[in-house]
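Okay, so chain A shows up in both of these, paired with chain B first and chain C after.
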Partner chain A sequence: MPKRSWQRRGKAAMDLIEFFSNHVFRMVFFGTTVIGIVSGALGAFAYLRKQSLISDVIGHAALPGALLAFLMAVVVFGINGRNMLLLIVGAVVTGTLAALFANAVAARTKIAIDTAMAISLTTFFGLGMLLLRMIANNPYPGKGGIQDYLFGNAASITRADLTTSVAVGALALTLMIVFWKEFTLRTFDPVLSTMLGFRARVIDTLMFSTIVIAIVIGVKAVGFVLMVAFVVTPPAAARQWTNTLPGMVALSAVFGGIGSGLGAYLSISLGNVPTGPVIVLVLFSIFLMSLLASPKRSIVVTALRRVRARKALRRELMAEGRNP
Partner chain B sequence: MTPIACECRDLSVAYREDPVLRRVNFCVPTGSVMGIVGPNGAGKSTLIKAMLGLVTPLAGTSEFFGKPLDDVRNRVGYMPQSASVDWDFPTTVIDLAVMGTYGELGWFRRPGKAERARAMAALEQTGMQAYASRQIGELSGGQRQRAFLARALVQVPDLYFMDEPFQGIDAKSQQAMIDVLKDLSAQGKTIVIVHHHLGSVLDFCDHVTLLNKSIIASGPGEETFTKDNIRIAYEASDGAEAFLAEAG
Partner chain C sequence: MSYVIGVILLAVITSLACALPGVFVVLRKNSMIVDGISHAVLPGIIVGFALTQDLNSPILILGAALAGLLVVLGNEWLSDTGLLAGDAPQGLIFPALFAAGIILVSMDLQHAHIDTNAVLVGDLNLAVFPALIVNGVNIGPEYLYVMLAVLAVNAAFIAVFYTRLKLTTFDRQFANVLGMRTRLLNTAFMFLVSMTVVAAFKAVGAILVISLLVVPAATAQLISKRLSVMMALTAVFAVAGALAGFWIAYVLNTGTSAAMAVFYGAMFVTVALTAKIATHIRRNRRSSKSTAAAISAPNVGAVAGE
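What follows is the complex of A and B.
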């Protein structure tokens, strides 16, 4: 299996020089770090718009799109079906369709948004699994490793994939910076945004595109199923530490980048361990640390404060000669 | 004849099948402070929202300074009922006030020093300058409303719509806001204010509209805010009876 060609036994960890002198390791490291930074930064707006779950819908619904893109490429155009850009286009189309479907059902019927999202997610994902089996059962050229779309395979990142990730990621980050003011206002106060004459549909489309990009950018390395963690976990952790939006976006990008880089390093040096899941666990550790240790919102500090307040109250009541 | 700041003609609104407003004709003379009064569910907020296009009416048209809203957006400010935003949003009071300049900045342009200075001046007007760098979630209800009023002031509109600005706020904040309203009125601005406390309507409104799904009466306060009209609007509800009994 090509996936485990770099599998190591014996040593528990490797030194950094050895790590970075290996081309595959470098690609894994930089590829996942770029994904972490981009998804972390863009995920902050998804978090604030309370669209964390919609990114899960997009992630699962991107599977049939990526597979249809593969089929189109192979059957109709006769080109390489695993091209990263092609894959992204396919994923964006079905991911968007699924999210629009869920929103439309929730807006026009009495069915709640969580139900609508669950129906949309499972239907599109089911369709994706069906296509996956169909491709596996037929002799399409270049179909090897296509099941990696589900859970990713960081070792398969090529230099061209890295370039595409950087380009697409930079495009999405540029969109976010150029429309920073519009994104912020629409997220915080959609009514004022409309009142001041900003077209909701334009901003929503732009914001939605950035969120979709944040998810599909990681399909090859991490896979669609786990990508949502890259979009959701870093901003949730970052929110614990900062009270400004620029601070939150920057910190979320840093958490995403560090978590991914560290996760990639760990997964390789530990040997036969898949990269995506390790990164998800590292991101979760950052999240947990943030919940426990952040200065203003730490659950530990909050609990201690309550204990102290209760003791102080008891002392006061005793001093007043009453039974607490 | 006084010029008209805003008016709507034959405005009807329904949420799903329930009619909320029926053929409302409503007009506000320039420079007046118009209070919109009526029982719960009378459609007071809906009237404002429908005029501003935030709710799609079934029928009817609205004009502001004789023009459709899109032509005069910068002249119209709106202060929604509180609690309509996420108070845990990572933004400070000064950043909130700066948002009032976004309309005139338009697409792409970013707020700079001048915009921040204006926002700070507006915060001073509402007595909120000391809280400029606070996260909005750390404010009390009254402080939140004053911060939102500052944001509306930054926009420098000629016409203000305010939806229940005094709901659930402390006496100090209420007084600070009434002072600002009187100031605005003295400058010749027009203010439309949804208010539910009958006893204090005439304290700061010179015009009153009594609404209950349709207009009961609308015009100068002393002509419209009469016992008979209040009784019709409130359909003899307890709150109104108590008020009328007190008023003698």
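What follows is the complex of A and C.
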């Protein structure tokens, strides 16, 4: 397999018909695209809450949850430990716990939020590493390739996984649409939101849970460690193009979806290159282009505007100098 | 030197080398930048290893530390553009570098057989090989001396720039007014942190190294009010955690670094809860005492309460 892909590298990329007629490729493409859309849309709220990095904490902290779910499934229920739904539930539980822990430490002690996040991240991840070692040392059925939870293995996405991802992702998006007004108010004016009688804790927990779901559905394809890029990068790119919340959420979802689809296609047609990292690089390129050249506020446009303004000013001053 | 003593010494020295700069990392609110650095040094380590074929090489350590510095400077640049909100600038560059690192690993560059899992977790029990042998005498693991050198550099830097670090940490604007080159000092300090992360990754892994850097200092911060006290407590917590982590890993037969990270986390929670309860009790006692004093001698109480 690697040999063939090396040969292919010289040729033009695989044509689309060949790509979509292959079942595995199709699964990878649609699986990652769904992940990109959901995490892009929900990442927009994390970005506007100015807590993008919480997604990094959640991503790392989801590992012990997923592994505990595996152990529960194998030891207690005696079913397949790689069950996607069980994995999602376990990861959501520890991911949410880690986010709540970080926020509680920052609120109740003199430790700053960034240190609190680092403590939460590394402690939960350490726990995950202990569990991983424990699983590796014992003969559990179906444990082969369980370290894929770290970096993902897009080729292992099955039709059942895709269905679960779409269903759970749709649930998170539905929650977002149903609570759109509450989320918006809490994001932009937390004081008013509390004064109007909305419970801050309930809305926060709901909002972070949807973000956790967005991160967790990416585990099989992308792995926990890189999911932070799926949540942080698309909204940061989208922000450069739009000034409205609906525009931001929609564009962020589009960037996430396109970046993931394109990344998946590139990784397969290049051959022997892991999918998750390629998607991250594609998303980063989209972000850089937005930062440099979006029409309203980007670096290049601002610089051009400044040059033009300077010229206009000079012209004006010269004109004044000629006829005082 | 026996194997077990080698591992224990390595754990203690590594934890001290990380915890010392960790004090300033925590106080300067740079903890999540360290998270970024620890991910971003991966491509640096892989390229460095492909070139030097030696994980203990100083060239590799300095080269990979530059990759970490790239994150620090990149973050600063992104923040300075003013186009991004919140902590997003810190979350954009390191995943891209980390992704590039994983792609490099998968391409098996120059046959650099690095297991991504090992890069993330590290293995203290393997890091003690090879041993350094001088005149036929085994004087402990070669890697121990690498970490000792890092510890010495860190201690020297902090000793020399102690006043400046203190001032820029607690009152950056005042330091600026005094004409201190705060940005240069910050860059130099972050390079040092980056170098420490690279040097320690072989023993504790790229992600768990955050634990060694941040958690002992944060635990010390909970119960100290002076920088000197905080530094001393940090060292105590770091060494205690290293020894306990080693013992737990030995008993449970798991990785030392992961056990250390979990123990550090538990230690932080315990100290935080104890400190909370202690303040609560003290406050209760004080309020009941002052009420009692006010009842028995109201005039004296009023003066004392001032």
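Basically, the second predicted complex is superposed on the first by the 294 of 324 C-alpha atoms of A that agree within 3 Å, B and C clash if a C-alpha of one lies under 4 Å from a C-alpha of the other, contacts with A are read in each partner's own complex, and residues count from 1 in each chain.
Assume contacts are C-beta pairs under 8 Å (C-beta built on N, C-alpha and C of every residue); 3 or more make two chains touch, one makes a residue touch a chain.
None of these values were measured; they are calculated from a predicted model.
Student: A:G276 in the overlay: touching chain B, chain C, both, or neither? Say first, second, both or neither.
Tutor: Touch status of A:G276: second partner only.
Student: Which holds for A:S298: it touches chain B only (first), chain C only (second), both, or neither?
Tutor: It touches chain C, and chain B stays clear.
Student: Should A:R239 be classified as contacting the first partner (chain B), the second (chain C), both, or neither?
Tutor: both
Student: If you stack the two complexes on chain A, which partner ends up touching A:A91: first (chain B), second (chain C), both, or neither?
Tutor: After superposing on A, A:A91 lies clear of both chain B and chain C.
Student: Which partner does A:L53 contact after superposing on A: first (chain B), second (chain C), both, neither?
Tutor: After superposing on A, A:L53 lies in contact with chain C but is clear of chain B.
Student: Just to be sure I read the superposition right, which of the two partners does A:G247 touch: chain B = first, chain C = second, or both, or neither?
Tutor: In the superposition, A:G247 contacts chain B only.
Student: Regarding the shared-chain residue A:E182, is it in contact with chain B (first), chain C (second), both, or neither?
Tutor: A:E182 contacts chain B only, not chain C.
Student: Applying the document's definition of touch, where does A:I217 land relative to chain B and chain C: first, second, both, or neither?
Tutor: A:I217 contacts neither chain B nor chain C.
Student: Would you sort A:D114 into first (chain B), second (chain C), both or neither based on which partner it touches?
Tutor: second
Student: Using the superposition described at the top, determine whether chain B or chain C touches more residues of chain A.
Tutor: More residues of chain A are touched by C.
Student: Which positions of chain A sit in both the chain B and the chain C interface?
Tutor: The overlap between the chain B and chain C interfaces on chain A comprises residues 48, 50, 239.
Student: Which chain A residues qualify as touching chain C in the complex?
Tutor: 47-53, 55-56, 60, 105, 108-112, 114-119, 121-127, 129-130, 133-134, 137, 147, 150-151, 225-226, 228-229, 232-233, 235-236, 239-240, 272-274, 276-278, 280-281, 284, 287, 291, 297-299
Student: Quick check on the complex: what are the chain B residues that touch chain A?
Tutor: Against chain A, the touching part of chain B is residues 52-54, 70, 73, 76-78, 80, 84-86, 89-92, 95, 99, 102-103, 105, 107-111, 135, 151, 155.
Student: Can you check the complex and tell me which residues of chain C touch chain A?
Tutor: So the residues of chain C touching chain A come out as 26, 29-32, 34-35, 39, 78, 81, 83-88, 90-92, 95-96, 98-100, 102-103, 106-107, 116-117, 120-121, 205, 207-208, 210-211, 214-215, 218, 221-222, 252-255, 257-262, 264-266, 268, 272, 275-276.
Student: Chain B touches which residues of chain A in the complex?
Tutor: Interface residues on the chain A side: 48, 50, 178-182, 184-185, 187-189, 191-192, 194-198, 239, 242-245, 247-248.
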